[in-house]
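A, B, C and D label the chains in the order they appear, each numbered from 1.
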Amino acid sequence: MTLKVAVAGASGYAGGELLRLLSSHPEVEIGALTAGGNAGSALGQHHPHLTPLAGRTLEETTAAKLAGHDVVFLALPHGQSAEIAEQLGDDVTVIDCGADFRLVDAEAWVEFYGGKHAGHWPYGLPELPGQRDKLRGANRVAVPGCYPTVSTLALLPAVQNNIVDPGQLVVVAVSGTSGAGKGPKPHLMGAEVMGSATAYGVGGVHRHTPEIEQNLAPQTDQPVSVSFTPVLAPMARGILATCSAPVTDGTTADALRQSYEDAYADEPFVHVLPDGQWPQTQATLGANTVQLQVTLDQRTGRAVIVAAMDNLTKGTAGGAVQCMNLATGLDETLALPLIGVAP
Amino acid sequence: MTLKVAVAGASGYAGGELLRLLSSHPEVEIGALTAGGNAGSALGQHHPHLTPLAGRTLEETTAAKLAGHDVVFLALPHGQSAEIAEQLGDDVTVIDCGADFRLVDAEAWVEFYGGKHAGHWPYGLPELPGQRDKLRGANRVAVPGCYPTVSTLALLPAVQNNIVDPGQLVVVAVSGTSGAGKGPKPHLMGAEVMGSATAYGVGGVHRHTPEIEQNLAPQTDQPVSVSFTPVLAPMARGILATCSAPVTDGTTADALRQSYEDAYADEPFVHVLPDGQWPQTQATLGANTVQLQVTLDQRTGRAVIVAAMDNLTKGTAGGAVQCMNLATGLDETLALPLIGVAP
Amino acid sequence: MTLKVAVAGASGYAGGELLRLLSSHPEVEIGALTAGGNAGSALGQHHPHLTPLAGRTLEETTAAKLAGHDVVFLALPHGQSAEIAEQLGDDVTVIDCGADFRLVDAEAWVEFYGGKHAGHWPYGLPELPGQRDKLRGANRVAVPGCYPTVSTLALLPAVQNNIVDPGQLVVVAVSGTSGAGKGPKPHLMGAEVMGSATAYGVGGVHRHTPEIEQNLAPQTDQPVSVSFTPVLAPMARGILATCSAPVTDGTTADALRQSYEDAYADEPFVHVLPDGQWPQTQATLGANTVQLQVTLDQRTGRAVIVAAMDNLTKGTAGGAVQCMNLATGLDETLALPLIGVAP
Amino acid sequence: MTLKVAVAGASGYAGGELLRLLSSHPEVEIGALTAGGNAGSALGQHHPHLTPLAGRTLEETTAAKLAGHDVVFLALPHGQSAEIAEQLGDDVTVIDCGADFRLVDAEAWVEFYGGKHAGHWPYGLPELPGQRDKLRGANRVAVPGCYPTVSTLALLPAVQNNIVDPGQLVVVAVSGTSGAGKGPKPHLMGAEVMGSATAYGVGGVHRHTPEIEQNLAPQTDQPVSVSFTPVLAPMARGILATCSAPVTDGTTADALRQSYEDAYADEPFVHVLPDGQWPQTQATLGANTVQLQVTLDQRTGRAVIVAAMDNLTKGTAGGAVQCMNLATGLDETLALPLIGVAP
């Protein structure tokens, strides 16, 4: 089987990472590459690392250009996916890397994104209980946000097994600046971010907050509440999420750890590190992996889970390709590196 | 008044930063500069930035070399201050940048540092209630750890005013790598830390945990518990501490913010930023300042406080000079920059 | 004497660095702070590190706002200084950090900058032979570009003493990204520059090329030619210039080195490092210093000189304050740090 | 064909990168992994990114452990390869990533490395004229140093075609710090290198100097002389080499550029970028590619060539795998990424 695949939004970071991964996919033929303002220019101007595709010219993002492909990846600004998607037939598998179809709750959408809620598609996190089956054969997939992917995977086993109080989850996630996209903004300039760390979207106002809660709520019959603070650090890629919550009475460190090992024993992309070894984002650079470690703070009675992931790979484009593999009946792990580029 | 000042451990990061600040101090004459293994070499080999002092030769750290100064700064590895200090007379003001005399509780010392507890000295955080007076005229001062300084200042007003539950404090602090000292360790090599974030000392085992609790406990009649996780980020200097705790019933965002503005209105080195502006470590680089912002997460009912500070300046050497100024009767702010080097 | 000083272009990097230095200047009172598009906003929004001035409001850059000051610093985009300057009387000392009045040769101006040549002012590099005297009492000063400052100082003694062939000078200068200014451009975004080095303006087309040649040409009776390549490195500040040229017959390593030690023996801000110690930009961070080292490559017969400098301090704002000190009759070194912020 | 492959020195950076590439090689089965001081520990402790191999235990580096493999990669400190290699039979293909067998000239070896010259093996740079054929079927290969690889490829067409004076070659190469290896040295600590650039091995004393000359000398009948200066920049990986030389009379910009396009038209891993686009190291991160651009500086009459490469991939481990592919009769490009991980 060879899938003809188009990428809309190919000049952005998500688009570039999709093309990096798809270029080595044995069952993929890369078709149309489209863009908004960058249409007409060569791909290599925007992504000089995509050597074999550098000479390709970006076309304008229209449904007509995207039709006729087996799979269309949308890597567009929020709010632009719906219009394109509804013009693509059900025979086209559409994988949306944007936020438009992630949230089930229309009110939450309006509160955090504003504008009209486009609806929701099967959520592209195969590691969620029952979700893998829903993604098999799906022709529409909403790829999760990067913070929700790593935060959900970090908290899932503890919440699912009632090991922690899900009403007191705290996540502080340190991220590289590519997560904020490629549009030139003053606070993301090199001279501003190098040598500096800063928090943003503090106080529950970051758009990924309701998505994390949406993922965890079905795993427990208790109320779920996540205090989420993202921190920008001077690196291009990578998220390190430090998560904690009070453990329920009688929880032992062993039981806590065992719940993680059990939960992810068969997951190809989620790795609980050997006891005592803590994740570092560098180890996941360019890989589709999440590395986890967990401990019980005996002084405070809190479980502390730390997770590392590449925001552009497993957090965006790698997760999207994983969903494509599932949706099209391929081996879920095809073309997804397990090994990061370190140091 | 001109103080003759010696620095023991002058070849390390704390020593270098002390000399940077002391070089522009109008009431200081720099005397002996001593070191351990680096004794006999030129200061400029270790600190090429200390241009005016670069030709000075490091002497061996002994009480004899340090005696005869008005002030002696100790920037030694943990466990080495006590022996030196007891050989220096009461007429010498000793400012210890190490941990030896920070903890009041001997058991906590043994648990977190091991070995014999050397005792405790007046704690060099003038911003703690009542502490400034205790430092005036003191001839022994224990300079706080960098994480305790920033974490304590970030949490103090909320704890002091019973605005948060002090039993559920969570601190995740992102730090530059200079905080780990100058000794060459594999995990602190440039290629390991650049482009990477990693947590360490997770689960309440970092030595600064009891120190934060020691600072906050006297401010409230409720039990204090701090879940503290340090994260290494790819920058040389700076700490960004993200702190949170559940607010007590009826707390408003305004009351929360007001408590911070009131607490620090007269503090020369602690600045609550204008509403909506979040701290970045770069703004404090080389300055003796802490920048703070606070918000109330209405969804989770948690106060979130973010604080930025330079670990080597206000977090170590600047804090130490501030203590020297107080201890010797000088203006507390002498020779302490308010303005960071940014970008 | 207290000078009333205005800064035009206060929201940019040069403006911010000027204010950092001027804030600690004992003879300066900071007056009007003006900006273009940022007029009306608080200084602290753009420069959160300028704590004591953070609440100041930026006014619009007009001659009227700038008049009535003893000294006006212009930190404006190229081409905007002339119009402002001609409206300021001769009683106002105008220090231009832009390029408008640097080049003597109108043709070179047109070739490299385009547009009309505004003329030329006394060139603000006091270390050039005879230049210090020309700056004393000057009421107009053109502050050099950052690359020309460091490159000229690195090559001056060798050219001046006919130790090298000035027709074969090669300079490769690695720079932090703040040198490119604060305007958000795609290739200067954090994610683009972190972890990456790239050359730009290659092949003699960088605007600083004729300025370096203009500085060196008067020092020799031979033709001067500089091959200049700037390289962007992942750091906010700092320039490391590697310069080389064939030595003239019979030149010894000792004579080469001696020429540098002699040339800069009395210069307060140019430091030849001890033999064998090579400059690093970190040592000059925030300081008004240039650090130099020189060697003779016996295999190739080339002198190799390496110089480190902070592009924003000695390379722009520090150099400008140095010029102000000279122009207004103050001690040349006032308010100019000799010690960098390292590590 | 499946090759059984061993890696000696698996815990270092070259070893880790070899294993990253070999893990995805379709014709390779990874056999013994050996180390010096790290023998006995798990590979994952040293290379947490090598997820699928993380549980493997490092054995001691001995000829006995390495025998019985089809291919043995040596990634050992200089001076240790000879003893191991001579104990491995001719039926074992030995690919040495160290310097021991790179230099033909025994005197140059003694001058730059000291100690006894071990001899020389077929030099593993297939892009050198005639070299590809010598590597096919070779059972001993000396992999080039990282600086020689990128410098040679940057200068080769110009030297080969007599377009430049090979007696006046100047190379300034900016490198990430992983090139200096994994041993913890004070000047390579994160806090020392972040935010800083520094030159080292200045004046023709870097060990890679004679290797560059050795590569270029046979391409011309004129004397070859290279002034080589390496500069450490704050990044983990990547080399950006800026090379220049006076062009011969009558050379045009077009002829210069054409010589590069012609030389590398059929090379799978060397890419001349479109006119006007300059290389950046990020685009080659983790890829086996070299990106080049060339221009003629009309003012100075010098050709300027800039080349970007990943020092650990094409500069070490990727080059080594390329050599293995050639030596064992496989497709030269197997398992070697063309696409870097950017941003």
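One rule holds in what follows: a residue touches a chain if its C-beta (ideal position, glycine included) is under 8 Å from a C-beta of that chain, and two chains touch if they have at least 3 such contacts.
Predicted model, so just to flag it, every value in this text is computed and none were measured.
J.: Suppose you hop from chain B to any chain it touches, then on again the same way; how many hops at least until you reach chain D?
T.: Steps on the shortest route: 1.
J.: Quick one: which chains contact chain C and chain D both?
T.: Expected: A, B.
J.: Quick one: point me to the chain whose Cα centre is farthest from that of chain D.
T.: So the farthest one, by centre of C-alpha atoms, is B.
J.: Measuring from the mean C-alpha position of chain A to the mean C-alpha position of chain D, what distance in angstrom results?
T.: Inter-chain centre distance comes to 35 Å.
J.: Return the distance between the CA-based centres of chain A and chain C, expressed in whole Å.
T.: 44
J.: Give me the residue numbers in chain D that touch at least two other chains, ranges are fine.
T.: 13, 176, 178, 191-192, 194-195, 234-237, 279-280, 282-283, 285, 342-343, in rising order.
J.: Spell out the part of chain C that touches chain D in their complex, as residue ranges.
T.: Touching chain D: residues 168, 170, 172, 174, 176, 191-192, 194-200, 202-204, 209, 225-227, 229, 231, 233-238, 240, 242, 244, 246, 278-283, 285, 293, 295-302, 304, 306, 308, 342-343 of chain C.
J.: Flag every residue of chain D that touches chain B in the complex, lowest number first.
T.: 13, 176-178, 182, 184-186, 188-195, 234-237
J.: Which residues of chain B touch chain C in the complex?
T.: 13, 16, 20, 23-24, 42, 44-45, 47-52, 54, 178, 194-195, 236-237, 271, 273-274, 277, 279-280, 282-287, 289, 291, 337-343
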